[in-house]
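Look at the two complexes coming up: subunit A is in both, with subunit B in one and subunit C in the other.
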Partner chain A sequence: MKIKIRFGIFISILLLVLIPSVSAHLYGDANEDTYINMQDVTRLERIVLEYDPTTTPADANQDDNVNMQDVTLIESIILEQVPFPGGHLNAAMIFGPSSTLDPANGWNGWYVRKAGIYETLFKYDDKMKLTPELATGYTQENDTEWLIHLREDVVFHDGSPFNADAVVYSFARVMNESNSRSSEYDHIASITIEDEHTVRITTAEPYAPTIASLTNPLVSIVSPDADNLDTHPVGTGPFMYDSYEQEVSLSVVRNEKYWGGGVRLEGATLSYISAGETRALTLESKDNDIARGLPFPQVSTIESNPGLNVMSKETMRLYFIFVNTGKAPLDDIRVRQAINYAIDRDVIVDAALEGVGGVPAAGVFPSIFPWTNVELTGYTHSKDTALSLLADAGITDIDSDGMLEYNGEDFHLTLMTYTTRAAMQPSAEVIETQLEDIGIDVTVELLGSSAIKEAMTNGDYDMAFYSYGVAPTGDPDYFLTHHFDSTAGYKENGWIRYSNPAVDSLLADSRAAMDQDVRKEYYDQVQDIIVEECPEMFIFHENELVGYNTGVMGYAIYPNEITFLTRDMYIGR
Partner chain B sequence: MLGYILKRIFQLIPALLLVSVASFSIIYFAPGDPAETLMTGPDGNVNPKSVEEFRTKMGLDKPLHIQYLIWLNNVVHGNFGYSYRTEKPVFDHIKTSFGATFKLAVVSLIISLIISIPLGIISAIKHNSGLDISCMVGASLGVSMPNFWLGLLLMLLFGIYLDWLPVAGYGTGGDLEHIILPALTLGTGSAAVTARLMRSSMLEVLGQDYILTARAKGVPEWMVIGKHALKNALIPFVTMVGLNFGYLLNGSVVVETIFGWPGIGRLIVDSINMRDYMMVQGCMVFVALLFVTVNLVVDISYRYLDPRIRYEKA
Partner chain C sequence: MKKHNNPFMDNIRRLSDSRPATVGAIIIMLLCFIAVFAPQLSPNNPTTACLEDRLISPLTVPEYPLGTDHLGRCVLSRLLYGARISLIVGIIVVGISAMIGIALGVISGYYGGVIDAVIMRFVDATLSFPSIFLAVTIAGLLGRGLPSVIIALIVVDWTAYARISRGSVLSLKETEFVESARSLGASDCYIMTRHILPNIIGPVIVIGTLGMAYVILSAAALSFLGFGPQPPTPEWGAMLNAGRMYMRTEPYLTIIPGIAIMVMVLAFNLLGDGLRDILDPKKTVIE
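Entry: the complex of A and B
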């Protein structure tokens, strides 16, 4: 026993020596309001004149004296003549790059973009608005030709200039046939240099989402002079590559020459931790300042911690039900509507998502998306409406056993789902009880997603509860066409066996229409029709839950999950 | 001796073949298509054309037995194939991950020995005393406590309440500060098993006639325990420690996942999730090879610990 205790003491002493205690201050923030501005200059002058007591961050240059030199330094910081003392940010991420850091390889573009290393010609801002990034804008010359105007004030981290050459070079790396994702840029027939700061994109056919496709991190603009993009990424972003430990962490440092203005953080380390509880714990221990993807039960723990907080924002991920509209009685629109009325989405969010994991869905798209038909109200829970619709369709409780009968037998439905996403099974079980509440006998079947897909292809199912990202490139066409256009031949449409010529022609028109307002009108109509006819039932939009240290300033969640580190972030305390 | 070793090595071949066939077919029948899984991005978008291209490129469109034979042929030629996910040689990934696992395994083993040997000896000497009972209750607790739970408790205690250690992570190349918690988690688990074994085998030896003789001769008690008893009690203990080390080397999936340790256990889980068949297959064969090798080494080490054990000629 004695030995064990001594061992413990030995380890403890060893550790105490090893680990220095760190406390971060925003030096220059004399009044400790987490901002550096003219108020700090005023406060500092009062401290120097001994009107006010001193504060630790008042010693901006950290020479242990609060004097007029500190005032000068703060003024220089405000004027962006010296770098902002923004500190080093540590963040716990869920997923990270595989082994290469090349954005044109697989999905690595997502991760190096999140680290602030690379940028694209256009991007989506935190309100999902399409905005120029390395471009200044575009001119559409005709249905298939687009001129993209490039920024002229950008240099790569290696000092080489950003120009049309670099753009064409970067696209060629993706469009090269040996790239396993080259077919995603099949719509681009050619991309050529028009002049030093203009490129011309020619599409094979009129393709309205062309500009949106330029936001994909796959087509991040890389430096043509870089030696080895696998191991040493060179981009134009606010942060430059520092080091990478495979599947462990990626470190970046501030890009002093960033075209977008002074970068506030001095550097950052993104650690890749797949276990959600561990990510939350590293936030509590202050090892990390931000933890993405908090597990629902951890949310209240983090919120109750005075130095921490949770930010939540709707994402573009939708949880919904595929309905087999080819199978009686689900081929009857009234039956589908009745089921939709019987589902109480608020209860699902409260019970299965612990009130924090999502928001009830009215239609396909979340409220944060500019293409959402905001007039849709969806289905408000109403047992009476559901029962009367079912009665109209001939489904009633004939034998008064509390369960509904269809064709003389108990009305039974199966709801298939899978468990790889934590919210699926609990949500499906709530739906099961809600439908049983109006007298429909429901079985939840848990299967692998490939088994469900097979059943859906064969038409051997009633309903399947699923989760999709609804607008990967920020354009509404992807989800609507894949699921509801019966002429396009996508597998999702085959699964629901849905065909409405009005929807087909609206979707075809909107793909060819170049005027965004006209497209919006078409898509609004499509969203309206599919909610009315419910070949799919939309349940909830997932929330991204991010835990953060309240000292982190300037952080915003981007709904498309592509942008993470930005020049505005810093450690304010 | 040499003949025995050769015979044992020869016997490994069918075992390894069986392992490779089993793992190849199990993962093949698991739901989920690697081409589709790997071509699905973080946002859930899949391009059917990329999926088809990928399938052809990786030979996934061929029948299962052909895929297996191609793989086997490559392995015989020393090529474990290329990861679907990273398109880099599988062996390179195994090498890096195994480095991390090996480091963790060694530290865990040391921790486990430091805890279990003294505990086992003390319990045996103070047989049936309160000390013995509390040690053994502690050991039973250690065996029954799931690793993930112990890991989380240690994280809470050392990472948050005491704030001495980082909660998780690998640090720079798996430094001491980051290795302690996962190693402690793994080490206490295996110490619980080995301490019990140490105790029972020590008790057995202490009941032998030669111990009585030694005591009767007036040999000091510390020498009876340290020289006569301990040496003989260590034989079954070494077997157990060897087997334990084999398990540790195979990487603990749970501990590596919760602590974010980039070892071979985590590599296997990530590869299974991504349906990276090539990587899973490579890891399985590697792990099987490792395990049988450790067993072999343990068997051979008997001979040196106990000269009475002789191996028959092959």
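Entry: the complex of A and C
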């Protein structure tokens, strides 16, 4: 009996001793500064000459000897002649693809793009600057014709060449009427092959955001030779498809022939975990190296963990309220402004987002966006202004019960929202409290998002609290036209009842104007008007909160939430 | 041993002999008292958010004995009001399920044949689904709100009563007093209500009491999953869910409603077990 117990203890200790030795090393990083560069070569030479003590990572070729072969290997790594020993990255993502991995299907393009499989002709960098990706540039021939020059050194993962054929093929898949999102490319009349590495895009009308619309992951360039893009994606990105377990995880491996240079990670697994607490826990347990969308209360816990850190960046995601401008008394601009004044955005950020989850919104666009009207100040919290505006509109506390009355009855509003995003419910509850504070009786209704959309279409709602990305294509036109142009966008499905001819004509003019400075001026005016007339109320811009293992190198947050895995990332320790 | 001739008082006396059952009964009475007098007992309004006083730990500020949640609402007040919702849901669901279940069970057992086959196959079909999944599906279809939780739980709960009453009726309908009532010309309806129903009520009460525990737990579970009443209604399951975000920094937000649910469920289980002991006919014979 005793022997058995002792044996058990022995095995346990053995296991405990063995576990740490399994951890990954960045072989070649001789001085252990998590970078592989010429300093490592110097250090290695010193080790070989026995000036310095040996380190484990110094043995770059893992032959148990630190010698001049390792020096050669490190030099080859630096020159990208041999693969970088970047390790395998595990990341916990919030949302993932559905049953198909086809980028032209619904929103799946976002997820395969995040996995580094596909690329687009142009992209936005981590500062929201429009840069060429699979294109080298463009020439605008006239108001409606654009020549896109393509890279000549790119091959797809299946070995077939990237050329004008592939571009036309990929766009045709999206622009085909059977595609549910084909209307988003209605502005393109035709896309034709000019030569092997040039395509000509002709728009139906002068359309300034044409180049921006080429950044959408929907129009990722796919290989025309691929058999089944639903289950086996073939793109040009730094990572190649490996395996996919539906709604669980997507694994990719390094693309050895990537046109952008050596890819540092050997591979990556993106796990789709919808519960924020679980994502945070898998980061702490080291099951994942990166966890996106940390729950706000966990930020301080993660930051206090010595091996972990939190990266935060303002994103293009806006939390805002759709207002039913077709329903009294919300059709009165003063009532809408009063509500805007009654909402204290700083308190929402502090209370519902723990001070870390967002930035109070002055207008529709965040400060990181080049198209933002920086002169806007938005609505500063003021109960007195709110009450006097409401009094002007005939809403006062007649019976002195502390609640305001409209048409002789208590002024009641419903605020619909949904719970799939963690910030929605607490923010809605804070807004409820703030409006009740000035005497408006507010009910928060948590519904499914389809029920809210139905109520909005029927006009059977007061306010709906929502969250959207404000510039999925990086151009201001998309959001502003969909939300505020009474001749297009959400006007059609009945969500929006707001109509202002001045806004309509400004938006039309800016779509047709090719001079970016002129467009900026138009959009500045539109942003000004919609803040003034508040057909929608802008609450806060979301901060992306990413927890990461400090060993993860080369990671950057892309504010448009489109790019995630890049060739620069690797595990440094 | 023969102090009371009244069988009801006799049962009460035997119940009080069982310590766990007594404890259960006392806790339930206490919870009923809390539920009825929640407005008088609560130190604060359970739905008023006070954002300056958010996330206060329990036992630190006299104004908020059990602290405040993420919106500065008094946890104690929400707990007290939450007892109301749990008990009301439990009583309504068990009451309606028992009525439906007993009616169908008695008819099924008494008439037998095709009626029995149809009703019992339907019961079997319902029972073949995992009950909480069925409830989640139904609540999901009906949308958020207390009524949909109640309907979902009734749909999965009534089968137990149908089964138990059918079983009892099957043995009862062969007994001599039923035979004699029938030979005296009593109608089926009369026999079912006057002779059979009073004799099957014992096991139904046991199932009902244990069922209360199950229903309260399931209602909290559905509410936790987001099918419960709209905010800011204080409901224990919803409180647990709201506290989940803060589980690691402010664990009391989940522990306190968790304990409340546990105590209520435990009380009903203790009482149910005690009732089973005294209402079980076999036990009575031994005594």
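The definition used in the following text is that the second predicted complex is superposed on the first by the 405 of 573 C-alpha atoms of A that agree within 3 Å, B and C clash if a C-alpha of one lies under 4 Å from a C-alpha of the other, contacts with A are read in each partner's own complex, and residues count from 1 in each chain.
The criterion applied here is as follows: a contact is a pair of C-beta atoms (placed from the backbone, for glycine too) under 8 Å apart; a residue touches a chain by one contact, two chains touch by 3 or more.
Remember, it's a predicted structure, so these values are computed and weren't measured experimentally.
With both structures placed on the common chain, the touch criterion links A:D460 to neither subunit B nor subunit C.
When the two structures are aligned on the shared chain, A:S183 is found in touch with subunit B, with no touch to subunit C. With both structures placed on the common chain, the touch criterion links A:A351 to subunit C but leaves subunit B unconnected.
Of the two partners, subunit B and subunit C, it is B that touches more residues of subunit A.
By the touch criterion defined above, A:T433 reaches subunit C but does not reach subunit B. In the overlay built on the shared chain, the residue A:P297 is in contact with subunit C alone; subunit B does not reach it. Once the two complexes are overlaid on the shared chain, A:A451 sits against subunit B and subunit C alike. Once the two complexes are laid over each other on the shared chain, residue contacts for A:E561 go to subunit B alone; subunit C is not touched. In the superposition on chain A, A:E256 makes contact with neither subunit B nor subunit C. In the superposed model, A:A422 lies in contact with subunit C only, and not with subunit B.
Comparing the two complexes, residues 277, 447-448, 451 of subunit A contact subunit B in one case and subunit C in the other. Remark: subunit C residues 49, 51, 54, 70-72, 143-144, 226, 230-232, 242, 244-250 touch subunit A in the complex. On the subunit A side of its complex with subunit B, the touching residues are 1, 3-4, 7, 11-12, 15-16, 18-19, 95, 98-100, 105-107, 110, 180-181, 183-184, 186, 245-249, 271-275, 277-278, 281-282, 284-287, 316-317, 447-451, 467-469, 472-473, 478, 491, 560-561.
Interface of subunit A with subunit C (complex): residues 276-277, 295-298, 300-301, 347, 351-352, 419, 422, 425-426, 429-430, 432-433, 443-448, 451.
Against subunit A, in their complex, subunit B makes its touches with residues 30-33, 36, 38-39, 41-45, 47-50, 53-54, 57, 83, 85-88, 93, 96, 114-115, 118-119, 122, 131, 152, 155-156, 158-160, 163-170, 172-173, 176-177, 180, 257-260, 262, 266, 270.
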